[in-house]
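What follows is a set of notes on a single structure, which appears directly below.
Note that the chains are named A, B, C and D in the order they appear, and that numbering of residues resets to 1 at the start of each chain.
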Amino acid sequence: METEIASISKELLQRSINAEKLRYCYGCGTCTASCPVAKVVPENFNPRGLLQKIFFDLNKTLTEDELWLCAWCYTCYERCPQELKTTEIFLLTRNLAVEKGYFPKQPTALIKLILRSGRTLEVTPARDRKRAALGLREIGETVSEKALREIKIITEKSSTWRVRE
Amino acid sequence: MENVGSVTVIGGGVAGIQAALELAKLGMLVYLVEEKPSIGGRIIELNCSSCQLEVPMDCSICPVIPKMVECHNHSNIRLLTKTHVTGFSGAVGNFVLSVLKQPRFVHEDRCTGCGACAEKCPVEVFDAFNMVQGKKKAIYFPVPQAFPQIPVIDKENCVHFRNGNCKKCSEVCPTHAIDFSDEDMKIGIESDAVVLATGLSLYDPAAIREYGYKRYKNVITILDLEQMTSIHGLTGGRVVRISDQKKPRRIAFIQCVGSRSRRTGNNFCSGVCCLYTAKDAALVKMLLPETEVYVFYIDLRVFGKGYQELLNKVRNDLGVKYIRGRPGGIWEDPKTKDLIISYENTLIRRAEKLRVDMVVLSPALLPHPSNQKLAEILGLEVDEDGFFKSPNPVASPCDTTLEGVFTCGYCRGPRGIAESATQASAAAARVAETIALTKSRRVKR
Amino acid sequence: MNLEYSLFPGCVPSAREFSCEVSARKVFEALDVELHDVGDFTCCMPACLVHSFDYVTGLALTSRNFCVADEFNRDILTLCVSCYGNLSRAKKLMSENGDLRRRVDELLAAVGKSYGGKASVKHSVTVLYEDIGIESLKKNVTKTLKGIRAAPFYGCHLIRPREYLSFDDPAFPVKLDELIKVTGATSVMHRERAGCCIGCGSFFGEVAEEAALRLSVDILDSAREAEADCVIVTCPYCFLQIEMGQLLFKRRTGELYNLPVLHYTDLLGLSLGIEPKELGMDLHKIDPTPLLERIK
Amino acid sequence: MREDNPNQVPRIGVFVCECGANIGNVVNIPEVVENAKKLPGVSFVERDVSLCSSAGVKHVKDAISKNGVDRVVFAACSIKNYGSLLEAACEAAGVNKYLISFANIREQCAWAHYGSPKGATRKAINLVGMAVARVQKSEPLKDLELEVEPSTLIIGGGISGMTAALCLANQGFRVFLVEKEPELGGMLNKLYKLYLTNQSVSEVLSPIIEGVTSHRNIKLFTSASLKEVEGHFGDFEITVSANGGIEKFRVGTIILATGAKVFEPSGMYGYGDKEGIVTQLELEQILKQEKLKRPGKVAMIQCVGARGEEGVPYCSRICCMVAVKNATLIKRLYPDCEVYIIYRDLQTYGKENEEYHAKARELGIRFIEYTPENRPEIIPNGNGKLRVRVYHALLGETLNVDSDLVVLSTPLIQHKGGEEISKMLKVPLGSDGFFREAYMEMQSVALGVNGIYVCGAAQGPKSIDESITQAYAAAAQAASPMLLKRVKIPAITAEVDEERCIGCQLCMDVCPFHAVIFEEGKSMIIEAVCRGCGNCAAGCPSRAISMKGFKDEQILAEVQAAFKGE
């Protein structure tokens, strides 16, 4: 594939606490060599390649699924000889993607679930009864009213938050 | 002829030796100060292997031994081993250095270097020189080709110094050279100029935990390999796996271990690893032709005269496989002690695994730790890494921030043997020039 | 001893993998450690998901849980390594980055809160190792699990990144091994011990699911190569992945690894003389009974 | 000479060294000693634990004077190691050092065959036999001692030449500096600013030019050329043509600082026929004359004509840093201009270079790695830009850099002037075209020919600081013989038997050092120039030439001994 070279994203640099270290990346591949995802689905994910794409053509990267495949295991973050804050850079880049209006399906659905219930997993009455049967406290379909309300308020207060129900 | 000046050279490695000789030939009286019991520096720790190979390949120490001899016998050179600098005063043309010579407990003028003492010595201790070789005696030759060829007593481990009831070495010594009463000696040296040649030290790759150095037996450093391939090593120059002494079928070299890294704080490139790795990869190939050899690198630094040509030979003729990629980690198979390397071949962007019998790391080469202290004593500037600073790295490469004090070799920044030797000659020239100018200045006044 | 913690429920333990909570509660009860339920905790708002959408707001939502915790004078105990890592990360960012903290506090102000960060974050395993300690655990062991070959699976956020998770050596952790040895079982060396199951980190459709499956198979192979009888996990997410992995793999290939997966608290519980059923081990989808037979 | 006094019977002393355990543990020393005793002419054999120790040296002296021998054989380590030490010992005891022979029983026996002591011992006995046979036929020779004129000729007025000149002049030596151009400075005159300090050339150049031109010990010839070099180490006769006239003078030593030139990439990447494609050297000019118009994008391509089939095979060492430096300067000048360095392996070796490189990355300069299989190409592009299409190996994508300026980094190569000098002085060039040093590891400034030294780019591509360093090194090595005013050169030279010489002059053709002259129909060897290579002796059809110290009979004696009994 071919790309025009875009100018490096000042956005990313300004926003990130660590992204400027991206410039020190000499592409040694320590990250990819350490990456569990790259190990099993190499054709879909290559952190080194992704970092270089972010560096060379941020805008193009924003719409790429690859961006959402980092499993934040922090192995590359731990080993990078140049101390690139890889995992954090990926998170920040996802922020930019969302700002540009790119909402990946599953994650967005999960976010909505959180806004609804305060959890990433649903608790049906049936499951709650199962808890009871095991002698565990019933927790209801959502977290406490108060907690749920606070989540709502915080997300509504935030000017940058984009996912609405 | 009478001496035109006197100079103190600090450090007896390749650079120091070359500088001392050059200065001596320029009619200077030279004090060569070396903290170890033998001159020769790091290079005499390296392999002496070409002799056992049918191929023309200079082993690391052959070019240096004649220089060491010349150094030792030159009427203009005073050799001070086991000595370090403790004080410094004065200015160019009349510096005064105070040095401390630590006891060797062996009379340098009586000893014939026959080694009978070491044979009789009952103590065996671990030998830092050689992880592969392991042991040494409490009276020992610092390195197989030590110069002066005189043993030294290791006070910590010598039975005599522990409880006084062993004199085996002195009893067996034919020339009565052993002297337990030997002690520290303070010496003052007057010098017109000083040349620093403190050399380098090795980064400990154990700090890069995922490579498992010191945890996995078959992960060794290039220095370990040099000593293993040395005729003097325990294996007599055979390349074997430490774990089972078996001949390795696959060896991988890893470059830039701890260098070019913000994580370790050593942002610099050591400047020599790409070359010596090519050389040792070739050596392994020639010792074990059927063994597969891999080299993991980031940038191949082939800037030196003849490097590219050597690399082509190693790659194309000897079939050493080069892979652009820095491995992420190494896992040791607990049963076989084989090593599984995870790496990305970055040129085809593919994460892969490679099972090898042995891994050889090229650790970062750091400036010698003594630089900091030396800089304080002499009132010089060192940079954040501990290299001596030059007032202008372009125009005056061997000068320091103090007139009359010069540098050569690794202590000024990463460089190889050839450049160190050249810079040593250069430092000598600067000394001669500076002394000439200061004298004429004096005359004018 | 009278240790008390605010239990951070976490989504997986409370909504999906009940065995984890059951087992943990039982073990801590036996060691008379008190776990207090706190009404207003929510999901930890994992960075890989929530912060990915909005760094600052996500951080505010995570920090909100600290404000809740600070109402009680107790440390937080998580059952899930993912919660542990995520909360620890938030704590670090809040304490180090004034700008972030200011922006987060602005949001928290809207709900009358501000970040205090008094409570520190712990995980059941770090509590067992650090707060209780190997020695006193040994004292409580009544039944040795000799002969069991257990393959430890540490879980990413228990050890990485070292920058703010100082529990163990990320490259070569050993503390879970020590904890396993306490029970009399053997902890076996295997290549994936410090690996990743991507369970908590990836929400991205088919590719992620495929990756997760392949990874759990890799982890299972790693354990099997080392002749392990079971895999010991510290996190319900890892538990889920490695159990489900076996079932999915069976569906795909017909082959069943049949390698029981145990929460560390299961293993410890057994050695404390607690019955498997009480530890909720009957909920496991890979039946541990044959394994348990051997230690009867 | 032995013919002159045939009744002299050689008395040979043999010393066998154990080298501590080094030899003793493998080679059976007593066996070697016993066998040596049986050899003809041997008057005594003595063993020593370590001949190179001070005690060993004393032992040698005493034994020689006690037994009054006139020839000595050392069975020890390589002559390369302690040869000089033991020779000195023998001379002190009155034995001519050319009547000594070495048998290397350490490297060649104990070490090479550490696995099989028996074989090692047999070989040692054999080597000693050969050495004894040889030394019987040896003749006493005297090293040639030459007077050395305390003055030097420096060819090339660039930074290297001037540095060496000033250094030697300051030490009180007379210096003749010859520069072909009208002004001093060489390559630096063509440059703008220098890495690592980014200081302008003049800052470095001016003070040193000032020093050279004003120094009373320096005789300067500009717009000058070297016409002829006669004579030898210590006494070279130099002819220079300068400012219309011819100048002749004598010097003791010569330093070559002839520099190098930049490879012209004609036809590569459309250089020459497309606008906006320049070499780094041309870019330096453009920057110097402040002619660089604000470019949108600049692309620099590395290794153009280097490290490959096209151009030269070697890596030119400095191009990467030059590119990084010029990229930095452009970025400083026009911060929003995008600068791309398209490289193979980045040669920012060492500390200061690597630091400079990191700074460049901080400035936002982009690095693109290509592989030799996928070289970048420049393809036509509508909007009047030069589209550099390059496959970024690490990114796995083809990138298009639509550049206003493309800069080609080309290697340094030897120039005609250098080649002529090499012919005139009979100093060898290496396969890379640069002057070949005697021995890379320890002798990077000495050449194969006595009294001639090299420094700077003439010996190979170098940065400014490296050239300056080497210039000082050359100064040091040239200074010591001039300081002593005399030098010894080995007596191993060729000699002509006039009776046999048929005057075919073949020897003159094969002599690489100009050591043979032809007078009255006969060849004659100038000993001071002869390096004892033996070409002439081998080439001589009438076997009129023999090599002192390596006469046929001496070598044959050795060979016969080698095969005796086999």
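What to note about this one:
To be clear about the criterion, a residue touches a chain if its C-beta (ideal position, glycine included) is under 8 Å from a C-beta of that chain, and two chains touch if they have at least 3 such contacts.
Quick caveat, the model's predicted, so the values are computed rather than measured.
Hopping across touching chains, the smallest step count from chain C to chain D is 2.
If you compare B-C with A-D, the chain pair joined by more contacting C-beta pairs is A-D.
Distances from each chain's CA mean to the overall CA mean are smallest for chain B. For this pair, chain B with chain C, the centres built from the Cα atoms lie 49 Å apart. Look at where the CA atoms of chain A average out and do the same for chain D: the two points lie 60 Å apart.
Computed centre separation for the pair chain B/chain D is 24 angstrom, with centres defined by C-alpha atoms. In this assembly, the C-alpha centroid of chain A lies 20 Å from the C-alpha centroid of chain C. With touch defined as above, residues shared between interfaces to two or more other chains in chain A number as follows: 24, 26-27, 39, 48-49, 75. Counting partner chains per residue, chain B shows two or more touched chains at residues 210, 260, 299, 329, 346, 349.
Shown for chain D are the residues that touch two or more other chains, namely 346, 358, 394, 396. Touching chain pairs in this entry, ordered by label, are A-B, A-C, A-D, B-C, B-D. Touching chain C in their complex are the following residues of chain A: 15, 17, 36-37, 39-41, 44-45, 65, 68-75, 77-78, 87, 91-92, 94-95, 98, 104-107, 110-111, 114, 118-123, 127, 130-131, 134-137, 139, 143-144, 146-151, 153-155, 157-158, 160-163. Touching chain B in their complex are the following residues of chain C: 169-172, 189, 191, 226. Contact residues of chain B toward chain D in the complex are 1, 4, 14, 18, 22, 25-27, 48, 51-52, 58, 62-67, 69-70, 73, 109, 111-115, 141, 144, 149, 175, 231, 236-237, 260, 267-269, 271, 299-309, 312, 346-347, 349, 383, 385, 387, 392-398, 413-415, 417-419, 421-430, 432-433, 436-437. Chain A makes touch with chain B in their complex at residues 21, 24, 26-35, 38-39, 42, 46, 48-49, 75-76, 79-83.
The residues of chain D lying in touch with chain A in their complex are 338, 340, 346, 358, 361-362, 364, 366-367, 369, 392, 394-402.
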